[in-house]
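Just dropping this structure here.
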Amino acid sequence: MALISLQTVFIAFFGIAAIGFGIWVFRTSSMMRSALALLFSQTALGAMFLAMQAEFLGVLQIMMMATEMSIMAIFMVMFMMDPGGLGAMEMSHQKRLSILAGVAGALATAGIALFTQWGVVVTSAPAAAEQTRALGTELLGRSMLIFETAGVTILTAMIAATAVALPTLQRKRNA
Amino acid sequence: MNTLVIVLSLLAGAYLVAVLEAWLATGRFRLAAPAWAAVALLGRESIVPRTPDRIFFETAPVLLLIAALLAAAVLPLSPSMVMANLATGALFVNAALAYVLVALLMAGWGSDSAYALVGGWRFLGQVIAYSMLIVMPITAVAMRAESLLTTDIVSSQEAVWNILYQPIGFVLFFVASMAVAFLPPFDLPIAVGDLAGGVEAEYTGVRLAVFRLGRMVLVITLAAATTVFYLGGWMGPVLPPWAWSAIKILAVSAAMLLGGYTLPRIREAHLLAWCWKLGIPLALINLFIVGVMVLIWP
Amino acid sequence: MNALQQYGLLLALICGVIGLVLILFALARAIGRTQQEPGKNVPATAGMLSRDPVWVRYHARYYGYALLFLAFDMEMAFMYPWAVVYKQTGLVALLDMGVFLAILFLGLLYGWSQGAFRRQ
Amino acid sequence: MTVERAHAGHARAQHGDMPFMSMVEVTEDLPRSRDGLPMEWVEVPFGPMFPGLPGGLLLTLTLDGDAVAKTRVRSVVGGGGVLPTAGLSATGFIAHLEAMDPLAPVAYRLLACRALEAAAGQVPDGEIRRRRIAVLERERIASHLGWLAMLGLQTGFAWLERHATRMQLECLRADLPRILQLRSTIQALTARLVRTPLLRSRLHGSGIVRPSSDLRGPVARAAGMRCDARIDDETYAALAFEMTERQGGDGFDRLHIRLDEMQQSLALIQSVGGFAEPASTAVGSASGAGHASLETPRGEAQLRLVLESGRVVQAQLDTATTYHMKLLPDLLDQQELGDALTTVCSLDLSPWEVTA
């Protein structure tokens, strides 16, 4: 019982940390701070997964977000005006609409969490090694099609990103 | 208790790496050199630039040290000497090492200095280059061990060490881990000749001492990872397991330092091009070969 | 040691490192403090003093690689669970992942052909 | 350092209540990079005290990300004038010229001696001329070794830096037997550098220069020009001097030329068989105009002077670095920062000998 309550404390702690970093994303006018705050918000989420004993998911989250958010940071620094936040630029847009959307989103999420029939709650999570194994079996068995579709989706993303972002060879030659 | 012993032995290893680095740099072997250097750094002023991003500037060296140490926490020195034997250990090493990038970006941005800034962004390019060459070979190692547990990975090499079982993977991982620790010839973010120290340029005194300590621990951690994944970890005749681990780790870190000593720095454009045009296809071939081999000769 | 205790240990390790660093800072401060002198806090610029902030729109020349990297990073999420069950699943797993990686390799080749693998 | 930012664009970027902000409008004043993206450029000084560059060279690079968009270059130590006061005595003039470039003191001392001798109408005897050449060639070896050490530091090649520094110190004041012992070491160094992985890819294609009248010394010879003050010199001709030459004109060719020249200089020293430091010339109260040219380690230097009753009243110096510095803005354009600095290093500039 003591362990469970400690677990709850950690879940709460990392949850609040994630929210705190999330708020910081919008409170700062430096693009770099904003990007890294989002990074640490995601890291805190990963730590929350760990506290909930979803080890693979947590570690994966912690790993992926570090590189992906850093790459987001370089794109933000490349394309946003005043990335250092020296002009103390206001970062929020259309405040009333965003507040409304935020509140509605929060209510909807809370509603789903509260009113869904989640089924029987298991008393203990499977061992971490078991989780990874089960995930692998799932990928290669029942969800194989989904998995291969993900491959095609990633391919599409690669092609789209390349086609949109890179100056075409023709334009390059002219330049 | 176990944890304390491992942390202390890691620090001792980091110290020996520093001795070795000083030996290469000055040509004289002096066991006390890093100690004196550390005392000198502590005694020196630690200056903060005029308009830094103070949070980033202060966090970066600490985050580097934390990242290096956390990666080491899941690597076993002997069957019982491992701080946290996580079920996803091999993945966790990656996760911790990813924060080396975050630390260097923070250091580069935080001091608001041109040299550091270029150094920080350069390292992001370096990460984009080497990252897959860390991740894919580790996957191949996990395929053979059927587990992400680092202790299982060592035991899977009972018959043949992975350096012989998957030599392509070893070479890729070894080179990439030199790039993770930004050792020469991959010292792009802290290049002295290009950037006058790069991300390190603004750190002085105790902050520089923490930064350097973090880098030394990082070197030891990567040597330990190479040992665990490819050199059979603690395995070896006669000597006790921890001694074999220590010997292998020190040998690997010496090889890393010596390799860099005799090579000029790589150009960033070449690093990216070679890693993507040669390294990733090789890593995929390695995955395929190991995949076939695991099925016919485990 | 169960999983939660291990995470606890890692957290303790983080706290320990922070503690160690604070001790080092205290030690350095006990030895001597930084003196405020003019011109000392200017970032390294090889002997020049006046400077403006450098936090500007930075032109990273490797963005072509960066975009493809994101895709490869995603793909690795699938590789780990696959690797763990690879041996017990056998040939099916090899073919399965072979198709997946071949699709990705196509993307790599496409990027290569479009000049993503160069300084922009 | 100044930041070229679009202030107009900034004012418009305060978009708290603005319903729509056009990126095209905001970024229209920003400088464009080669790939058409609007970015901000930062001006960063490299030097006068930068680890990877010769001390005293002030390189101000305008960086577009990590690429060089604009280059300004200036020497903060050179340009002091060849003649501090008109009417300097011959001894004083030689000492002044020797001190002018601490990177090649012997070459400038010899140059001053030769010009004074030409003005006074003296001709030193053949053996002295030959032995002076030996001293000059020894300095060339030392200078090239110093350049190698600088290249090692610049490219992070620690072994080269340490090794070349040690050899340079040995070579500077070595006597004849000692310097001939160095032969095998230099051969080994050459062989090793040519075989070093990554060194070729580091230097190959960096800073390609095309033959032009602005090139001097090893830089010109690496670009395939027959440009060497030594080929017209009869003393050299008597020693069977052959010029080395390469065609590519990039950093790797310059490395090769310098490595070959070290061997060649050793052969010259061996066939001379002794050193004679250029001593101060007794010009008496001679008057006249003199001209001398000489191949310093960095390329041809020319000195014209006018002597009036034993005193130098007018002097004009023409040095290699003065020309090479002008090449930099074009050479460095759009290069990656590290490549750009390697290019600067591969030209072997001496800010001290800049006359302008």
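Brief remarks follow.
We call the chains A, B, C and D, going by the order they appear; numbering starts again at 1 in every chain.
Please note the rule applied: a contact is a pair of C-beta atoms (placed from the backbone, for glycine too) under 8 Å apart; a residue touches a chain by one contact, two chains touch by 3 or more.
No experiment lies behind these values; they were computed from the predicted model shown.
When you average the Cα atoms of each chain and compare centres, the chain farthest from subunit B turns out to be D. Across B-D and B-C, it is B-C that has more C-beta pairs touching. Averaged Cα coordinates give subunit A a centre that lies 54 Å from the centre of subunit D. Between the Cα centres of subunit C and subunit D there is a gap of 40 Å.
We define each chain's centre as the mean of its Cα atoms; on that basis subunit B and subunit C are separated by 12 Å. Annotation for subunit D: residues 1, 35, 37, 39, 42, 44, 50, 65-66, 336 touch two or more other chains.
Looking at subunit A, one finds that residues 30, 32, 55-56, 60, 67, 71, 74, 78-79, 81, 84, 127-128, 132, 167, 172 touch two or more other chains. Each of the following residues of subunit B touches two or more other chains: 86-88, 91, 109, 112, 114-115, 121, 124, 128, 131, 147-148, 196, 268-269.
Residue ranges on subunit D touching subunit B, taken from their complex, read 1, 42, 44, 50-52, 63, 65-66, 152-160, 162, 196-199, 201-202, 336-339, 341, 345.
Interface of subunit C with subunit D (complex): residues 45-48, 50-54, 56-61, 119-120. By the touch criterion stated above, subunit D contacts subunit C in their complex at residues 1-3, 5, 30, 33, 35, 37-42, 44-50, 64-67, 336. Chain contact summary for the complex, subunit A toward subunit B: residues 30, 32-33, 36, 39, 55-56, 59-60, 62-63, 66-67, 70-71, 73-74, 84, 127-129, 131-132. By the touch rule above, subunit C contacts subunit B in their complex via residues 1, 3, 6-7, 9-10, 13-14, 16-18, 21, 24-25, 27-28, 31-35, 40-46, 53-55, 58, 60-62, 65-66, 68-69, 72-73, 76, 79-80, 83-88, 90-91, 93-94, 97-98, 101, 105, 108, 112, 117-119.
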